[in-house]
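Following are the structures in question.
Shared between the two complexes below is subunit A, which pairs with subunit B and subunit C, respectively.
And then the complex of A and B:
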């Protein structure tokens, strides 16, 4: 059992160090929420890279960004910028919506690989 | 103090004590915690766990109410019911739990959080305090979640002791309603593994119903030792 915990300890130390190892600046992309609509409704991002998605909620009420495709769920407080870290994504289309206005506040992120025209 | 320093110290404190040998007196199979907290969330939770061995059937249920106090912390209160040695089911303990989201989801190579629990046995001066480190790593549509727990027990008729537990879940996010996984539990001379599923159904606004179902088999014992666990959470 002691050997087992030693191995576990070693693996976790490695995981912690990898977690916080030096990383490059992430590319930033912006979305705006206004009158319960996301702008732009279709956002193109590079595939295979982690990105910072910055959402400006210009409405007077909170919204909740939700995407099963992206595995993200986050409250967008009114009058604030919210940062959501996404990816690296495989090329493709990833849908998202606002939980409080799912029929209006919706859009998609299209992850595009370099050298290709677009994701279908 | 940076998040990295806090995490490293938390981890060292938790894992250093993992080298102590522990006595078996508790139930290891529970739920695998995830490191995320959602702001403005309220939740009601019901957990059910039945462990069948050659000698007995241990039954425990708990109901809880949780509330996220900000974007990083959620507090939850539980009432815990168990079947006693005479076969009667009743209230056995109370628990307060706090979960702390240490890192923003997706920001680093892996996401980290912590869990703190204090439990008191009903009508007895018996206490249990636990702290746990939680890690989750995404691999495309799969997620690997690890929990390390240190547990300290003290009080009447209890030998003061430190125990350690480790939990692992590898989950495939196939569709919201059906996400199959494999779970692994170890601690208190127990090693178990088995399949599980989790899923969720969304309703209006923040309202959603989540469920988890798992069947864990003890691996290091030739006798019968199976645990069925089930959890239902309503978030609003």
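And then the complex of A and C:
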């Protein structure tokens, strides 16, 4: 039994080793929330790279950036910039929405691999 | 708006009802005075309101990662308190029960309540369809309250019969699930790296479905977990169980050989 726990601990150390992130300059992308709409509604980002997404909430009320595809959720406070790190992403389309106005505030991030025109 | 309000209840209020029901079931089975709940709920709500009022400042601190760090640390503390609570139960140190139940209840209400209040406040201020909001609030509260009663009755009956394993597992799964979920918050603040998921059960239960949300709330279900999440999940569940079984065996052996503690 203890042998299994030792293996589990070893796996944890390995996972932690690859998990704690190296801080480097990352490509930045911007989103704006205005009148409960995200601009742009379709954002193209490079696949296979971590990116820094900066969201400017220009509305008077908080909103929550939410994405089940990206496993991200963050409250966007009014009149403030919010930073969310995303990726590295596989090529594809990832949907996001504002939790308080899911029918209006929605958009997608398209991760595009180099040398390809668009994501599927 | 109706569905959104119910989802809000499932995500932020259900964990509170869940843990309070588990604590109430244990307290009543141990014949504890229920006065702890009269301290826990108001104190937890006051802390939640204070947190909510300072959410924006907290979010901006630590280079924009303040809220993520805070949520992670608070859920880590809740998990540690669950372990302490289980240890007290296991060791029959019942005179500390009120203290540990109150601490656990206050922290759970304050962190979940603060998120809940931010959303509820925004919903009510920006809502145009108040009827949907009122209906959603009543339905959401009803769902959480019903789930709380069911879990209370089940656990009270099992604890009365001297079968605490389900109660222990529910408490461990809940606190571990809440802690593991905060790993996503750490990844979005670039504190840990996002790694590729190990599997994807999204074809069976998606994270965005009602069932997915309930399972996420109650046991940390993720359709696409990372290796770190899986390992920590297993460690957080199995290590306490191993420790409990070892101490049980030792105390059993002492009793058999007549060694007094």
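The working rule: the second predicted complex is superposed on the first by the 97 of 120 C-alpha atoms of A that agree within 3 Å, B and C clash if a C-alpha of one lies under 4 Å from a C-alpha of the other, contacts with A are read in each partner's own complex, and residues count from 1 in each chain.
Following the convention adopted for this analysis, a residue touches a chain if its C-beta (ideal position, glycine included) is under 8 Å from a C-beta of that chain, and two chains touch if they have at least 3 such contacts.
This one's a predicted model, so the numbers in the text were calculated from it and none came from an experiment.
A.B. asks: Taking the superposition as given, does A:74 touch the first partner, subunit B, the second, subunit C, both, or neither?
C.D. replies: So A:74 meets both subunit B and subunit C here.
A.B. asks: Report for A:107: first if it touches subunit B alone, second if subunit C alone, otherwise both or neither.
C.D. replies: Touch status of A:107: no partner.
A.B. asks: Using the superposition on chain A described above, determine whether A:50 touches subunit B (first), subunit C (second), both, or neither.
C.D. replies: both
A.B. asks: Does any part of subunit A touch subunit B in one structure and subunit C in the other, and if so which residues?
C.D. replies: 1, 5, 8-9, 12, 15-16, 18-21, 23, 50, 62, 64, 68, 71-75, 77, 83-87, 99-100
A.B. asks: Going by the contact rule at the top, pick out the subunit A residues touching subunit B in the complex.
C.D. replies: Residues in contact with subunit B: 1-2, 4-5, 8-9, 12-13, 15-16, 18-21, 23, 50, 62, 64, 66, 68, 71-75, 77, 83-87, 90, 99-100.
A.B. asks: Applying the document's contact rule, which stretches of subunit C touch subunit A when the two form their complex?
C.D. replies: Where subunit C meets subunit A, its residues are 4, 55-56, 59-60, 64, 67, 118-119, 122-123, 125-126, 184-185, 187-195, 206-208, 222, 224, 226-228, 231-232, 234-235, 238-239, 242.
A.B. asks: Along subunit A, where are the residues that touch subunit C in the complex?
C.D. replies: 1, 5, 8-9, 11-12, 15-16, 18-23, 50, 52, 61-64, 68, 71-75, 77, 80, 82-88, 99-102
A.B. asks: Applying the document's contact rule, which stretches of subunit B touch subunit A when the two form their complex?
C.D. replies: 4, 7-8, 11, 15, 18-19, 21, 36, 38-40, 71, 103-110, 112, 133, 135, 137-138, 140, 143, 146, 148, 164, 166, 173, 175-176, 186, 202, 205-206
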